[in-house]
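As C-alpha cells, here come the structures.
Here chain A shows up in two complexes: once beside chain B, once beside chain C.
Entry: the complex of A and B
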C-alpha cells in the first residue's frame, strides 16, 4: 500500500499532523501503539504555563522565543503557534469547545487543591475559573479512589460531599464506569437531587471528570438544571476522560476525511535507501506487512510513548535510530531532588526549521522524514507547561511545511 | 505531687475546681503506670462522682482542651525501672525479654520502630554459613538463632533455603574450606551438582562449578520488631516513639534519668530511671558522647538494590570470602541484591552512589546473569555498627558478633549498659544477654524465656497468597501490593500514629513497583476524609516524593524511566505541585 504520508505515533502531535495533511487532501496512514499520551495528561491545552500572571500569552511567547532560540516554538513563531491553535480549536464545534480566558492563562483547580495555569480548556472545566473560598461544593464518590473531595475541600476552604452508590453493588469505582453511569438520565437525576439537597449557598459544584464521553455538555446542563448551580470538572489521576474525549473527536474527524488508522501495531522495520525512507514493515501477528510512502513523520513521543528508550549508558530513538541529543552517564540524567527540572527532559531529537532530523554535525539525515512533538530536543515541556502547545504547533507545521 | 512542675500547679489553681479533681487523680496513682487512656477514664469517673450532672459537659470540654497538658503530666511524671533507648530489633527484643521476666521498661525511639539498620538491611535469615570460615563465633550464634527464630517467629520468615555457588573464577578451594567450617560450627550443608542447582534455580549462571544448600531464609524485620513490641506491651512495657534523648542526667557514678523531647509536639520532659540501656545501634557512640565515653564503633554503609521481580526461590550466595555484591535474597515478589561495605563518618544523610550501583550489578549478575537486563525499583543503604577490635583494618574482617558493655566495669557508671554490633538475626540473643546482665545487677534470678515462647502473631501468615485470598471485592488502595482500604483504616483506628511514615511502615503501601507513586495520593485522600491527616497534606506529599526519589534515581533507567515520567507528569503536571 502506498501513501503520500505515513505518520508514526497517535498522540496529539501525530493527530494534528494527520488533520493538517488530510485538510490538504493527502492520503494518510496514521499508525500508533495506542492513544498516546492523550489519556494520561492532556486534560487541557498548555501553551506556556511559566509566564508572569499578568502577561497575555502572545507577549509571553514573544519573550520566550527571544530567550530560547533552540526551543521548538522558535522554529514556528508566535503567529505560527496561533494559526496552529486555531486549526486545533476548529475541529471542536459547540457545545464542547475549547476556550481561553481573554488570551491569558487561566488558573484551574487541581485534585490536590492547588491551581495550575493553562491556556485552552474545554467547556466542562470553565466553572473552575470561578472557584473561590466557600463558593464551591466539591463532590466525590465513595469507592472512586482517584478523587478525594475532602482533600481538595480542605485546601480550597470549601465544603465537600462524598456520594455513596452502594446500590451499584461494587466497592470500587473507576472513572470510565462512573462516566457510563453519568450518561444515564436516571442516574443524573438521582445524584443531582442529592447534590441539590447538600448545597448551602454554594454557587458551583465540582466533580471528577466523569461527565461522560459521548455528550458531556448534555450531562453538565442536565445536572445544572437540577441543582440550579454551575457544574464543572476537576482533572485528576490518569486515565483521563478529558484526553479520551479529545482523542475520540480527532478520530471521528480524521475518519470522516478518509485516514487509514492502524491502532495497536508495532513497526518491526524501517526500509532505508541512502537518505530516503522507502517504507515501514508492520507486524500484525501472525503476518508482516509493508507500507510505503513519499513522506514520513515521526511523532512517537518520549519515554512513555516509546519514542525514546533509556538504557543504562545510552538514550536511543526507537524507530529510525536517530541520534539523541543527551549525556551518556546515567547519574547526570537526574537532579538530586524530585522537584528539580531534570536534565533528561531536555534530551531529544534535533531538527532543522522544516523538522528534518539532524546528525551531530547539523546536517539532515533523511530527506523525507520529519520529527515532531515532545520527542524534540530543546524544551522542558513539563516544567514549562508547554506540552500540548508543542504537540499542536509542531504537528501542524511539521505536516504543513512538508506538504505545501 | 511535689515532683510536678510549678507551671502546671498554677494552671490548676487558675482554672478552678475541675483541675483539683485532676490533682486527686494524680496523687492517688503512680503516674508511670497509667496510660493516657486510663487517665481519661479515671478522671471521667471522678467527674461523674464529684460534679453535678449539669457541669459534666463543661468538664468534658475542659478535658479535651487540656488533653495535651495531660500528655505532659504523664511524661513529666515518668519513672522507669529500666529505660531502653533505641527502637530497633535489639531494643524491642530487650523490652520483650525483660517484660516476660516481670520487669516492665520504657523504650524511647526518636523515629519509628526499625528506622535504623533493623529496617534497612537485606532481610536475610542468615544460616551463619556466610561467616563460617572467617568468623566462626558469629556463625555459631547465627545458626543457633536461626533455629530459634524459625520456632518463635514463623510469621516473619519465609523458609526459602539458600545456595552457596562457586563460579569458575572462584575455583573450589574456598568451597572445601567452607564445607569443613560449616561442619565445625554445626551448619547443615548439602552439596548439589550444577545440574541439580540449575533445576532448582534456572536463572543461575549455567557455568557454575558447584552449589551447596544451607538453611538460609528471608525475614521481614519490621514485623519481627512489631511482634516483639506487641508482646512487651502486653506484658507491661511502654514505648515512646518520635521521642529523642536530649541529654543523660548523671549524678556521681549513677545515671539518674534522661531529658527527652517529643519531636511531634516539641515538648521536653525528664524520665527518671534505675537502669539505662543504650541500644541505639549505629548511634551508640553518639549517644555516649555527652558522658565522654566511647565504645569504638565503625560505621559501615551497606547498599542494596531491589529488583521488580523475584529472581529465584532461594537465597543465592557466592561461595567466596565475604565481599561486595555476593548475596541475592528473595523477598515477597521481589529480590534484594547486596551489599557493599563502605566506611562512613556520618550516620545520617547517606545515599547509594553510582559506583555502588555499578558494582552491585556487576557482581550479582555473575551469579544470575539476567540481572543485567532487570528493572530495579529502588536502591537503599543501611549503616552497620561494627565493633572495632585491635588490628582489624578491613571492615569485612571485623566480627559481625555483638558487644555488650557494662559501663560499671568499664567506666564506673553503675547502671548504664550498651549493646551494639551483631546482626539482625542475633537480636534475640543480644536481648537475652543484656537482660541477664540487668537481672544480675538487680540481684534477681529469673531466666529468659524468649527462645521458647512464640511471638504474638506466630500463627498468622502474611504471605501474598493469604492477602489474595482475603481480597474479595474490597477497595484496593495500592495496586502494586494489593493493600486494601480497610486494612489501612484498621491501622488508623488501632494505633497511635504520628506521621505518614508510621503508616507506610505498617502496610505494604509504597513498597511495590510504583513505590507509592499512585497510592500516596490515595492514602493522603483517605487520611483527609477520615479526619486523620498529619497536617498540610501537600507538604507531606512533597516530602514523601523527595524521600522516594532518593531511592529511585540511582537505579532509574530502562522501563522505569517511563513510569517516572508518568509520576512526574502527575505531580508536577496535573497537580502542579512545585
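Entry: the complex of A and C
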C-alpha cells in the first residue's frame, strides 16, 4: 500500500506529526512496535523545567536557545514552540484541557512526596498547585500499590485516608480497575461520603490519577459536589492513565481523519534506493508486508522507546541505521545517576533545519526521511524537563516543514 | 503432539525482555473489570519465573485471560504475553483436568450437524429456560449466555445446489459458524465475489482449531491444523488464493499455524491466505475493483474484533464501507466485546464477560447506531445479546448495497434496502 507519509513510532512526537499531516489532508500510516510511551512518561507537558522558578517560560526559552544552538528548540524558535503547543491544546477542548500557570512553570506534587516543575497540565491536576502543609487530605486505596497516601501525607505534612474496598475480594487493585469503578456514579457516591466524613478542615482532596478514562472532569465535579472541596489527581507510577487519556484522544482524532494505524508491528527492513527510502517491510510471523510512501518520519525515541540500541562497543539506530552522535568518547558513557545529567542521554541523531538526518560531513543522508522527537541529538530531556516540549514541537514542525 | 520444546523455551525466554513499562496493564480488558485477574504484566512475564515443569500451578486465575492479544500489541519489548498465559493455562488444566463443558464448547463441529438437522427443535430447546438451567447446573454453561441458533440447510449444502458462473477461481474458508449458524455471511461472500467476476470454490475444510487452542488444548488444535493444511495446500498449489470472512479462523490459519504451532507447510499457506476485505482493498488499490452501489442511508457502528487487530492489516472493511454512498459508519471506541471465543459461555466467566461487554455497550450507546458491523461471529453474538441491535458481517451490507449490473440508474432505494436488511418492520 502507498501513503503520502509513513510515521514510525507512536509516542507523542509521532502522534503530533500524524495530526499535523492529517490536518493537511495527507494519507498517513502510523506504525509502532508497541503503543508508544505515553503511558510511561507523559503525565504532564514539560517544556523546560530547568529554568529559574520565577522566570516566564517564554523568556526562559529565549535564553535557553541562545545558549544551546544544538538543542532541538533552536531549530524551531520560541514562536514555533508556541504554535506547536497551541496545535496540541486544540484537540483537548474543555472541560478536560491543558493549561499553564500564568505562563510560568507550575510546581506540582508527585507521588513520592516532592514537587516538580512542569508547564502544561490537565485540568484534573490543577488543584495540586495549591497544596500546602495541612490543607489537603490525601486519599489512597488499600491494595493499590502504586500510590501510598500515608507516605505522601508524611512528606507533605498533611493527613491521609486509605479507603478499603473489602467487597472486591482480592487484595491487589490496578489503576485501570479503580479508574473504571470511578466512572460509576454509585461508586463515587460511596467513597465521596467516606471522604467527606474524614475531612477535618482540609480544603483539598488529592487522589491517584484514577478519575476515569472517559470523562474525568465529570467524576471530579461529582466528587467535589459530594465533598464540598476541590479534588485533584497526583500522577504516579505507570501505567499512567493521564498518558492513556492523551493517547486515546489522539487515537480518536486521527482515526476520525482516516489514519491507518498499525499498533504492535515491528519494522524488519527499510528499502533504500540511493538517497531515497522507498518503503518499509513489516514482519508479522510468518508474513512480510511492504508499505511504500513518498515521505518517512522516524519518531522511535531513544533507548526505552527502542529507537536506539546500546551494545558494549557502540550505539546504533534501529530502523535506518543512521549515525548516532555523542558528545563524549566511550570511556565517558558512564555516570552515577540515570536521572541526572547522565552522558547516556546525550546520544541522538543529528538533523538539519528541516529535520533530515545528517552524516559526518553534515550532509543529509536521505531526501525523504525526517527525524523527530527525543531521538534527536543535542538535548538531555530528562534532566532539562523538556521531554514533551521537544516531542510536540519537533512532531509538529517535522511534519509541517516536510509537507508545506 | 504438542508445542515443540524449542518453541516453548523461546517463548519462556522472551519473558525476560519485559521492561516493566506497564503498557499492557493499561489495555487489558479483563483486569480492568475484575481484581481476580492481576493483569498481563503479572500474569505473563511476572509469574513466568515461578512456573516450573513438575511443580503444581498456583495460578488458576491465568485461566481468566481472554486471549485478546491486546497486551501483545502494545508491548514495546516484544514479550509474547498472551502466549505465556496460554502455556500456563494449558499446564494448569492438564493438572486439574478439563471440564466436559470445555470439550463440548470446542467441538461444536462434531454435533453442529445435529443442531442443523433438528434446527427448529434445537433452537427451541436452547431458548428454553429449563434447558438453560440444566446446561448451567450440569455443564457450567451460563444460563444467560448467548447460545447461537442453528440453521438448515448448511452453507455448504446451499452452495452445492448452485451452478458455477465461471471466472477466476478463488477458494473460501468459511468456518464452522458460517456453515451452521450464520449461513448468510457465506452467501453474501459468494454473491459479492461472483459479482466482481470470481468463481468461488469451497475446498474441504474442518474447524480451524482456534477454540481448542484458546482452551489450552494444543493437541486438538494441531490435529485440526494438519487436516486443514493438507486440503488448503492442495488448493493453493492449484493456483488459488484462500479467502476467509471470520477474522478468528483467519488469524489461526495465517499466523498461529506457523508462528505458534509450527505446522509444516503453514508458511506457504499464510502467503496465499487473505481476509476478504483485505483482498478487496488490494483489488481497489490496483484499480481492479468496480463496485456500483445503491445509496444506503444507514448509521452504522463498526467494531474491530481483537483478531482483526492482531492480523495487523488495519481496518480494511471500514475502508471499503466508506465507498457505499449514504452509509455513515463510525468506529466503536471499545477494545473488547468480552466473548473471547468460548469464554463468555462459561458459568464462572460469564460475569466478567458481561462487565467487559458493558463498556462496549456504553460505547455503542454513545454512537446510537441503527446497525452494528463486525467481522467476528463471537462479537456478533455478544453484541446482539448486549444491545438487541441488528449485527451483521460487513460483507452482508456490502452485498445489500451492490447494484446488479443491469441496474443502470442511480436512484435512492434506501428505505427498500432498509426493509431488506431488517431495519424497518
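Just so it is clear, the second predicted complex is superposed on the first by the 394 of 404 C-alpha atoms of A that agree within 3 Å, B and C clash if a C-alpha of one lies under 4 Å from a C-alpha of the other, contacts with A are read in each partner's own complex, and residues count from 1 in each chain.
The rule we apply is simple: contacts are C-beta pairs under 8 Å (C-beta built on N, C-alpha and C of every residue); 3 or more make two chains touch, one makes a residue touch a chain.
Every value quoted in this text rests on a predicted model; they were computed, and no experiment measured them.
Looking at the shared chain after the overlay, A:194 reaches neither chain B nor chain C.
Legend: residue contacts after superposition of the two complexes on their common chain; A:292 is shown touching neither chain B nor chain C. Of the two partner chains, chain C is the only one touched by A:255; chain B is not.
In the superposition on chain A, contact is made by A:33 with chain C only, not with chain B. In the superposition on chain A, contact is made by A:238 with both chain B and chain C. Looking at the shared chain after the overlay, A:110 reaches chain B, while chain C stays out of its contact range.
Of the two partner chains placed around the shared chain by superposition, chain B and chain C are both touched by A:304.
When the two structures are aligned on the shared chain, A:151 is found in touch with chain B, with no touch to chain C. In the superposition on chain A, A:1 makes contact with chain C only, not with chain B. Within chain A, the residues touched by chain B in the first complex and by chain C in the second are 40, 143, 170, 172, 237-238, 304. Interface residues of chain B, counted against chain A in their complex, comprise 354, 473-477, 485, 518, 521-522, 524-526, 528-529, 533, 537-538, 541-542, 545-546, 548-549, 553-554, 556-558, 561-562, 565-566, 568-570, 572-578.
Interface residues of chain A, counted against chain B in their complex, comprise 40-41, 43, 110-117, 143, 145-151, 154-155, 162, 170-172, 235-238, 302-304, 309-312, 329-331, 333-334, 336-339, 344, 382-383, 387. Across the interface of their complex, chain A is touched by residues 19, 21-23, 25-28, 31-36, 38-39, 72-78, 254-255, 258-259, 266-267, 270-271, 285, 309-310, 312, 314, 331, 333, 359 of chain C. Only residues 1-2, 33-35, 37, 39-40, 143, 168-170, 172-177, 179-180, 237-241, 244, 248, 252, 255, 260-266, 282, 284-287, 289, 304-306 of chain A touch chain C when the two sit together in their complex.
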